[in-house]
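You will see two complexes here that share subunit A, one where it goes with subunit B and one where it goes with subunit C.
Up next is the complex of A and B:
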């Protein structure tokens, strides 16, 4: 357990350093833009140099990273370069919308993917299995922004049953959930389908059949609990990947979450905002995976033993 | 094998879905109205980025258009650069051009009830006059005295004559006025956007900003009760929202540009596209520094001869742009606008040949072992069609033996490289109304002014006296002569590549009427606009 947490911390460190370097080593100088923003068109090179000094951008990279981490640990993520407003309260404020988006999409992926996978395993090679497989492939390969556009055109423009943008009650949640959740649903359904099929060939399932239980009974009572913890892990990983996916979906549907904050920051190269939203993405990923590892270890004795084996 | 058939099936269904949805995209829903104005209507406009929290009229944070809805200037920039009265109902200029007396409009109040008078005007002027932060404005430096002649008259005294003063006083920021009652103890803006304009801010968030009509507005009262600015970052999202009727108006070069291609998609449905001639010139800045290939006049000349502006305007802008042959279009005062020259690749080849740039057909020309290669900076962030324009120019120049390499840069990088002059050509624009011609000439062409982020369209100390003369000219006659000399010089040295001026494009729902694009791209076309009762 302690080891797992240490790994998580190390991952956070590695991720934040990589993100920091990528953002800061990219060519181009954002201080010019900031100087223009704060003092009007035609900033002189002295304005720019003064701005770089004020922002601390003239210090060496390791110092800037250490300074940023030190403040971040105290909950202070700095101020946005573009708007000159503190980042922490804005991130907290925006996190709600991203949470709504990602959790809804995760539930959608879990339900739809799980159902398709189970039906496929229950009736292997039937028409329902084939359709499920086709949908999984389609869902996993269609880019989310494209799917979002199709959904908006059909449900928003053609049928006019849901709003095409913004956040205005449950009707406006549905399309973003589907757009973000379809890819993971496709992957998830395959994992469930393949996992169940493999479990159904295990000795305990064969024993079940020999006792006269139906395929459905064996699937629900024996195979499902057997693969449960591992597919849960896959769903968690998929959910972690959905958080950065929110960048696209929030932009397309004009939501104001962490993803659209990141998108705005990319356009201006708002370094502190980029670092902070990357940190949120990273945190979501690491926390989800760590949680799942811990839950899996509780539920599944095989994994627990593996952990213990590593620990000793 | 099974996988393959599944893949095929998936791809096929995807294609069918796309086709079906594309087909249904053509018919949108829209209301048929009664033809009568609805005085309680809400006008919903889509914008691409949030308005911003800091609406301070002296700061550069918020969306221009939102600031302009609440804060007003002394004088307004009318069509074609005509100065019109606003918070000053009239003005007189002394013969020596040094004293400007503004007679303030009577019976005007700020929306918090504070009166508009000489005291309020002086309070507002002192927010920015003499502040070096705003020295991109000549007015901050030349205004040497501000005083009240009586309760409703203010005199501005200048240190030297500056004929561009009225035009600078008409811009959106930082020259407009907020209520003295809305100032903090330090005499600065406190955070409440209180002005004299036709609209009052009701709410402001990251996703939506709402204004209501100012019932005590001194001018023509707005015909809509509310204006909502909805943030939709995605261009396709804005198109769809307009088609569905979730917003009433999209477009505007400075708020959420509507590309000619997207505008084309909208025609035929329930929406209307309104395009009027714009005034921001799209240009190629030439870097003719000593160590650059473009130092050779023949190369600059050949580039200008080889570019086919008419086909760029037709193919990329679908006719919603006007090719130009001068720095400014006719809509800019003293522009000496010229129509675009006809492309002449043969002559371009001849010019290069005569200058010693030789090479076979279909090959890059060379001179003294040096290849005729030019790097051209484009920025899609700044100009949505930058890549298409860049590629067209690349092809047209390749045809005469000039190789162009395109560098598509993000905002931060291009703002780094342009001022450092690491380019041969750069796609850029003038400022447009209400800033031109003065601001473009001063900031983007005068070699003594450091232009920082925007770089220079053309830079040559030899050219400076001509600009200074044009900026300082007093009489109409002098000004005309000075601008003529300036344009002739630019022609002679082939200082830049003029391309075209894009139209101002807006699209509105069928219930929106009397949309008359404002005289600058920095304001919404709200004057006189009305919405039909449904």
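Up next is the complex of A and C:
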């Protein structure tokens, strides 16, 4: 447990260093860009130097990293270059919408993907399995923004049953959830399907059959608990990978979440906002993975033994 | 196929070098026809598309804006009067080149790092692999987005950013292959008879270590295609007026209700390509674990077996086993 937390902290550190380096080692002087945007195109080299000093960009990289992390730990992520507004309150403000989007999409992916995968494993090679596998392939392949556009076109514009953009109550949540959750649902259903199929070929399942249990009984009572913890891990990974998807979906549906904030920063090359959003994504990613690891260890004695060593 | 699956597959399949060629042919035969058609079309159009295009894809014609399908413009025109078909055909090359470059560079970087790490071992191996682990443990697309944010948008910047975040998986795979290869008798034999280490590296370790990464890459191509399209959709890839499916789609979004075809067509091209690539990858995915098959499938396979003659009973057991696991000899 303590070791798991230590690993998480270490991962946070490594990730933040990587992100910091990738962003700050990119060529092209951002201070010039900022100086030009702030004081017009005719920024002199003095302006640029003054700006660099003001932003602390003239200090060596390790100092800048340490300074940044020190302030970040105290909850101060600095100010955005674009509007010169403090970043922390903005991020806190926007986190709710992204959380709503991603958690809804994750639940959608888990329910739909899990159901399709289970049905496929229950009736292998039947029509429902074929349809399920086809849908899984299509879902995993279709770009989320294309699906979003088709959903808007059909349900929003043609039928007019749900709002096409913005955030106005539960009806406006549905399309973004589906658009973001379909890809992970496709991947997840395949994992569940294959996992269950393999579990059903193992000795314990054969024992179940020979005792006279039906395929459904063995699947629900034996195979599902067996693969449950590991597929939960897959779902968590899929959820962690929804972040770039959230950037797209928040842009398409005009939500004001962390994703669209990050996207604005990418477009403007707003280094402080880039770093900060990346840190938030990283934090969410690490927290999610750590939580799932702990839950997995609770549920699955095999994983628990791996953590604790052979002693127990 | 996940990275972990691919890794275990490499370890399991070591020592069966002679059969690996046959295995790849067998896997290729398993690729469904629609996937071959989709991927084949994509590659062919990617190569010759710009020459097939009936019009200059960037030719603005404000007199014929947003036309629907006609004999003159088969798939209509976009908001600047540019020929939609020509743009769709040209865009295939944009995607194909981006996918090929990202995967090619990742395989190359991965091969160099993986072979160096696996062949030298010790501290070099440790440092390189921890670096790879960091790359693998952070969400790669987000990192790529951040890199693009720092460097600014552009086609080659996008390829660079994606490559930076894509190579770790290939480094890991190559290293796993090299490490397990090094324990093989024929590699030890080269050392015994005094072959220079560099020659062993280049002639005996590199080719068999890179081969499995190529298979992995084929399954990876769909993800790269999706990433490229996403970046273009966000306006971070190829800049206007160049044609790219994701970017054409975002252009069409403004007039989604009035002219849905400007969104549907590029999206369709994109989806077909990615479905094809994913099907290809799925078929090439090496599954090492036996699976249950349905009674119907088994019956169909048994029906195809040669008739049972005198003295063939022992073969029959092998044939039935093969039929069950779907193997062909």
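The definition used in the following text is that the second predicted complex is superposed on the first by the 297 of 312 C-alpha atoms of A that agree within 3 Å, B and C clash if a C-alpha of one lies under 4 Å from a C-alpha of the other, contacts with A are read in each partner's own complex, and residues count from 1 in each chain.
The rule is simple: a residue touches a chain if its C-beta (ideal position, glycine included) is under 8 Å from a C-beta of that chain, and two chains touch if they have at least 3 such contacts.
Keep in mind that what you see is a predicted model, and the values were worked out from it rather than measured.
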Following the superposition defined at the top, how do subunit B and subunit C come out on subunit A, clash or fit? clash
Which of subunit B and subunit C A:152 touches, first, second, both or neither: both
Touching A:44, do we find subunit B (first), subunit C (second), both, or neither? first
Could you say whether A:85 touches subunit B, subunit C, both of them, or neither, answering first, second, both or neither? first
Which superposed partner A:143 touches (first subunit B, second subunit C, both, neither): second
Can A:210 be said to touch subunit B (first), subunit C (second), both, or neither? neither
In the overlaid three-chain picture, which partner chain does A:74 touch, first (subunit B) or second (subunit C), both, or neither? neither
Between subunit B (first) and subunit C (second), which, if any, makes contact with A:197: first, second, both or neither? second
Is A:262 touching anything from subunit B or subunit C once the two structures are fitted on A? First, second, both or neither. second
Which one hits subunit B, of these parts of subunit C: 59-67, 95-103, 131-139 or 221-229? 59-67
Determine where on subunit A the residues touched by subunit B overlap those touched by subunit C, and list them. 26-28, 30, 137-138, 141-142, 149-150, 152-153, 157, 251-252, 263, 267, 269
Which positions of subunit C touch subunit A when the two form their complex? 134-135, 137-139, 141-143, 145-153, 164, 222, 226, 229-230, 233-236, 246, 249-250, 253, 256-257, 260, 263-264, 267, 270-271, 274-275, 278-279, 282, 289-294, 296-297
Complex contact set, residues of subunit B against subunit A: 6-7, 9-10, 13-14, 17-18, 21-22, 24-25, 28-29, 49-50, 52-54, 60-61, 133-134, 136, 173-174, 205-208, 230-234, 236-237, 240-241, 243-244, 246, 381, 409-417, 419, 431, 439, 443, 449-454
Applying the document's contact rule, which stretches of subunit A touch subunit C when the two form their complex? 11, 14-15, 18-19, 22-24, 26-28, 30, 124-125, 137-138, 140-146, 149-150, 152-153, 157, 197-198, 200-201, 240-241, 243-244, 247-248, 251-252, 262-263, 265-267, 269-271, 274, 278, 281-282, 285
For the subunit A and subunit B complex, residues of the former touching the latter: 26-30, 32-33, 35-45, 47-48, 83-85, 130, 133-135, 137-138, 141-142, 149-150, 152-154, 156-158, 160, 163-167, 251-256, 260, 263-264, 267-269
